[in-house]
Amino acid sequence: MGKINVKTTAKLGHKLAKNSTLIGVLVVVLIGCLINGRVFLSIDNIANVGRQATIRGLLACGISLTIICGTIDLSISTLFPLCGLVCLYFSNYSVVLAFAMPLLVAGTIGTLNGLLITKGKLHPWIVTIAVQLGLNGVNLMLTQGNTYKPSNMSSALKSFGNFSVLKTIDIELICFVVLYVIMSRLVKSKPAFRSMYAVGASEESAVMMGVNVNKTKMLAHILCSLFAGITGILQVSSSGAGKVTSGSGYEMYAIAACVLGGIHLAGGRGKIIGAFWGAWILAFLNNIFNMQQYVNPIWYQVVVGLLVIIVVFAQALSNKMHAGFKKETTRI
Amino acid sequence: MHADGYLLEMDHIKKSFPGVKALDDVQLKVKPGEIHALMGENGAGKSTLIKILTGVYKASAGVIKIEGKEVNINNVQQAQQAGISAVFQELNMIPYLSVAENIFLGTYPINSGKNIMWKKMEKEAQALLDDIGLDIEAGAQLGTLGTATQQMVSIARAVSRNCKILVLDEPTSSLDSNEVQQLFKIMRRLKNKNIGIIFISHRLNEVYEICENVTVLRDGKYIGSWRISEIGNEELVTSMVGRKVENEKTVRGKTTFDEDYLLEVKDLACFPKVKKVTFGVHKGEILGLTGLLGSGRSETAQLIFGCNLLQNGKIVYKGKEIQKQTPRKAISMGMAFCTENRREEGIIPDMSIRDNIVLSSLKRLSKKGVVRNKERDEVVKRYIDRLKIKTPSEEKRIRLLSGGNQQKVILARWLATEPDLIILDEPTRGIDVGAKQEIEKLVREFVKQGISIIYISSEISELVRNCDRVVVLSDGCATGELVGDEISEDNILAMIAAGSASKGGENVAEKN
Amino acid sequence: MWQKKIDIVKIARKYGAVIFFFLLFLFNCVTTTNFIRINTIQNLFIQSFPILLISFGMTLVIATANIDISVGSGMALAAMIFALTISAGLHPVLAFLITLIVGGFFGWICGVLVAKYDIQSMIVTMAMMYILRGIAKGMYGGSTVMFKNDFLSTLSYYRIGDVIPVHVVIMLIIFAILWFVVEKTRYGTYVEAVGNNPKAAGISGVSVSGILISVYVISALLAVIAGVEQGIMVMQADSSNIGLTKEFDAIAATVVGGTPMSGGKANLTGALFAALLLQLINMMVNMNNIYYALAYIIKAILIIAAVLINTYIGQK
Amino acid sequence: TLVNAETSEDAPKETFKVGFAENTYTGDWRACEVADIEEKAKEYGYELVMTNADLDIEKQIGDVEDLIAQDCDLIVIVPVDAEAIAPAFEACKEAGIPVIDMDTEYTSGVFGEDFITTIRSDQYEQGKAAGKWVVDTYGTEDSVTVLEITGTMGQSDAQNRHNGFADYVADYDNVEVITQSGDWSATTAQNVVQNVAQTSEFDVVYSHGGDMIPGIILGLKQAGLKPTEDVGVITVDSPFQVLDSIKDGETTAAITCTPRGGDTLFSCIDSYRTGEELEETYLVPMNTITSDNVDEVYDSEGY
């Protein structure tokens, strides 16, 4: 009798801890309900939060690939506004160009990053910090710092940006979910993607096991940049205006989403879908803050920072418990 | 079939690293269906030669022919395509992935849509594991398995390839005798399929048991090749070491001891691996600790040294019970612990040999935190000489040393702390004959100076040669003890067998 | 002969940032008008002071294979606390001590979370980045704090022998202490060991969590000094802008300086010159009136060039 | 025509809930505005919910959505960006919630459809006024070099102040401008002044913000230049520290506008609720302060 009990609790603990992301989501939802349950759990609000999670969430999807692969791309925070600008600029001419050109630009930058990191053997942090700076310069040069609004924006692009299902689920949210599903599938089923885990865990071992490390890293970087491209397109197609500074600090958000989703920064560990939930957690935290009226908004950053710490702390404790349970179960 | 009938010919191979000529005009020739031993001291260049063959390194000069045709091997993929498959000396697997994935990484089974067939992969992997007698699930995460099991998995991986040449670089160093036999069975089977096997090991008996031919390297130079039946034990050792080595003989120390223990452990427990371990170590004795793989020897040592938290029992050292043991405390009290897992728990890979040696004794070698360089360098020099660590300079990063030399550096680290009690967990793993004898000699010397040793080893002959007493563990419990002349291979084996049998019975009872 | 060659390579690897700094310096001597002036040198040192300090801290943290992106916010909080305590009439020394204690406390928290609870340093320090910046902004309603103190304003512009700014002295003292600690004491070896293989280091008797906590505290304390200096220079503390994105400059300086992001090595000399290098680039931009947008691109190219040179000299 | 507000159909609620999507809470100007809005909301008896976008346009759009979800009766938006804010305005329109556009102009909005009125201080005009001051003071004949120290370029405030200035002086060939970024930071501004002073001579410094003034003045002094005497200093924005420095004769002039828009805002809301017609724009007055008129401003409201 007693044994069964221990076993079931252990199993539950095991489940929870294995999905530390789940812990994060649970914690956030709990806080949300405590603060303002009625509004918080409404469909509209959840859809809103989902939309708010999109931009960072898509960036996080790209960056999660690089992190799993043991590198990182910090340049996305200036790359995606650039792609937005490019998209708007070409939307004056044709909707096809409006989609193709930003992706081309993104692919080029991804290739550049990848080459500097694999062939140039430079550390990804420094390469992508530099590229981030450089692209910021490019953005400012192109727009002179002003917000860019196309004179003759393609209506197809506009209607793409304003598309929504049942007026609650709009295109961003759809892309957000669909792209994550696709990526998760690819990572699960394509050898080239799956190898990212090996490369991230140990480059040396991956080489010895016959994985083409450089190719894998290039793939991760190019995909990451393409995600930035898609994000840029989505952002400008709904607002119709491109802004240089619109991405500042987003690389950190994206990384945070990954970490909250259980993706380990040392590489080789975690699931892509974790970043998806991580982005939701972050969006929920913002939402929760706006729902409450006890704390002055000037303390926004403090509260969000504290909440992040609470979430990761809960995850860390659950991991510790997990280790404990593991011992228990094997003993029985 | 071509003229000479060789499957693999490596000729005039040269390779140098900054400061070292690792290989200088080396040759290696293997026929199909032959098991060929590659032997030499630590740092002789065996692994380097293998890495050249498998495309990890590129040779500075030389030719490689497979079935008489010259091949170009620039990377691992090309080597794989050429039919070469290898188990490397250092475990090179991905701990976070499943066993099945580790086996198939690089050659995932894919369907027509180029998607990985997970079910098929797992099934094949499971079949493979069952086939080589490994009782694990293919879906298990590799990192949760013990070193030995991981080693067997990497062998499974190498075997799973349809290769012409199989390279095994010290595959047996972390296996016990049962598993070694298991491996030999597989090797014989492959041999019958006309696969050429290159086998590296420092254990002479294994080489005599399984190999037909042997090639010896020394200091990166080719010394010669022999039929194993035509070369005697002594001659082989002499060719490897380059001088005559005396025969190993049993030197038993004392058989009677003081009543007092230096270290006494009572009912140690840390689930799941250690359940009830009780024994004591006298001053100045060598206590052997043995048992089957996974019987909890390493875990016991870890508990004594404070790497893991004690769940039950007590540790009494120098008459005082130790509360909340930590490695730092242990070191300050004069304990030392040379771990079995060199790469993960031993070396600091990117630090110099010097810093690796003094890491644990820096406290003693510094004054108010400031390191006294002269003293430190003396210590380093002393131990490099004493353990005959082969390196161009003490500044060299330890990662770049050969496996055996890394082990010596770790030993030096612990000897440098001038301990009263040294726990040696598989200290001679991957160490060449010469060095092994030196280490054994050193161990005995230390005992003469009054140091006590806990000697954990899977090589029973080693225990028989050196130990004053032997404690046998099985399934986390101390089940027997042998003293003095009782210590013989047969007795130890019998005791291990008895222990595991009784434990096995208990397990059955528990399950019901 | 062989031996000697290796040494040159080693020196180049270790001092790549130094070489690149002097190259750029020489380049400026030729191309920038009025560059060769004592004023320029003074300005260079004064202006790079904050980056220099946080780069030292970052170097230690990165050497343990972790990261601290909270330093920029730490600077802002320090400046605010210092300004407010001074405004409240406290003696500067006392105010500085209070600031150090508060800053060090937050560093300690980061260290504990990373060391004892095994939470990834990136997320811990990122949360801390938000928290510290948020407190800095919130504690004075988002406004700038002005303060007056004659002693401090004379101190900040004091030139020893009319030539050497106090900044240089303070910076050299801090550098000397840290350099000594890293190169000459066992602490340095421990830091590198923890960065390289924490498990092995722990078994070898290194107090891994102690080392981790200590590097975070040091990093936080250096950020405090940097932040306070920023406040004193203009006699005001502006919570939203002090130290903003400076953590990236510090990371860049650390890596350009030859400390690998993967940890296991601490190159303080490299960080020193790399930080000077980064500020030199800023000066070059200002002095030649380079278009601000172009300035970003130039900076990016020079950073990549510096690490490339670093890597390739090292590999030759 | 005005947007048909729900309040007119339903029975009037007891409290009228105003959502205020502020773009940032920091900087003296904003801090003053926030305090003013909070104070005036109480005075006028409105329930106020404020959010802080921290200058992040994406976050602001989310903030507005959150305000809608909380059933605000009217939402005030202080756009982080004049164009990219569009989705937020559209979301309000869809939810049938009236919007007041504040401070920054929502350029693609249509009066009466997207917002019921605009209350703003014009950053672009401020930049222009600064340009005008330079031309008025230094004439159109002798060549004048201006060192423009910008805020973080790409942000609306900095961008508008830059554009207004640049557009005005573009007509005068004798004015030459050196533009370097001070990133809104006093120390960066100080560094810029020092470094530029090493190589170039300039007659006047134009600062985008009052927060950078202390740094600029120290930088000038260090370069051996006397502010106002040798080099003129003009800034947009006039917190107390700037007024003090005008009094001390170190800052030459400041273009000001008051952040205290609370009265205007809530009286507009009052009128809206009673069904009065609102004008399209209520401009907050702009002023040039020099040593001549500094005392009046200082005493009256400080900003």
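Each chain gets a letter, A, B, C and D, in the order it is written, and its residues are counted from 1.
The working rule: contacts are C-beta pairs under 8 Å (C-beta built on N, C-alpha and C of every residue); 3 or more make two chains touch, one makes a residue touch a chain.
For reference, the UniProt names are A, C = ABC transporter permease; B = Sugar ABC transporter ATP-binding protein.
All of these numbers come straight from a predicted model, not from anything done at the bench.
Centroid distances built from C-alpha atoms place D farthest away from chain B.
Averaged C-alpha coordinates give centres for chain B and chain C (ABC transporter permease) that are 44 Å from one another.
Here the CA centre of chain A (ABC transporter permease) is 33 Å from the CA centre of chain D.
As a whole-number value, the distance joining the C-alpha centres of chain B and chain D reads 71 Å.
Annotation for chain A (ABC transporter permease): residues 139-140, 145, 298, 300-301 touch two or more other chains. Annotation for chain C (ABC transporter permease): residues touching 2 or more other chains are 137, 141-142, 291-293, 295. Looking at chain B, one finds that none of its residues touch two or more other chains.
Working note: touching chain pairs come out as A-B, A-C, A-D, B-C, C-D. The residues of chain C (ABC transporter permease) lying in touch with chain B in their complex are 2, 6, 184-187, 189-190, 192-193, 196-197, 199-207, 264-265. If you check the complex, the residues on chain A (ABC transporter permease) that touch chain C (ABC transporter permease) are 116, 120-127, 129-134, 136-141, 144-145, 252, 255-256, 259-260, 264-265, 296, 298-306, 308-309, 312-313, 315-317, 319-320. Taken in their complex, chain A (ABC transporter permease) has these residues touching chain B: 188-191, 194-195, 197-198, 201-202, 204-212, 268-269, 327-328, 330-331. Chain B makes touch with chain C (ABC transporter permease) in their complex at residues 18-19, 305, 307, 327-328, 330-332, 337, 339, 344-351, 355, 358-360, 362-363, 365-366, 369-371, 413. Of all the residues in chain D, the ones that touch chain A (ABC transporter permease) in their complex are 22, 25-26, 34, 49-52, 54-59, 61-63, 65-71, 81-87, 94, 107-108, 152-156, 158-159, 162-163.
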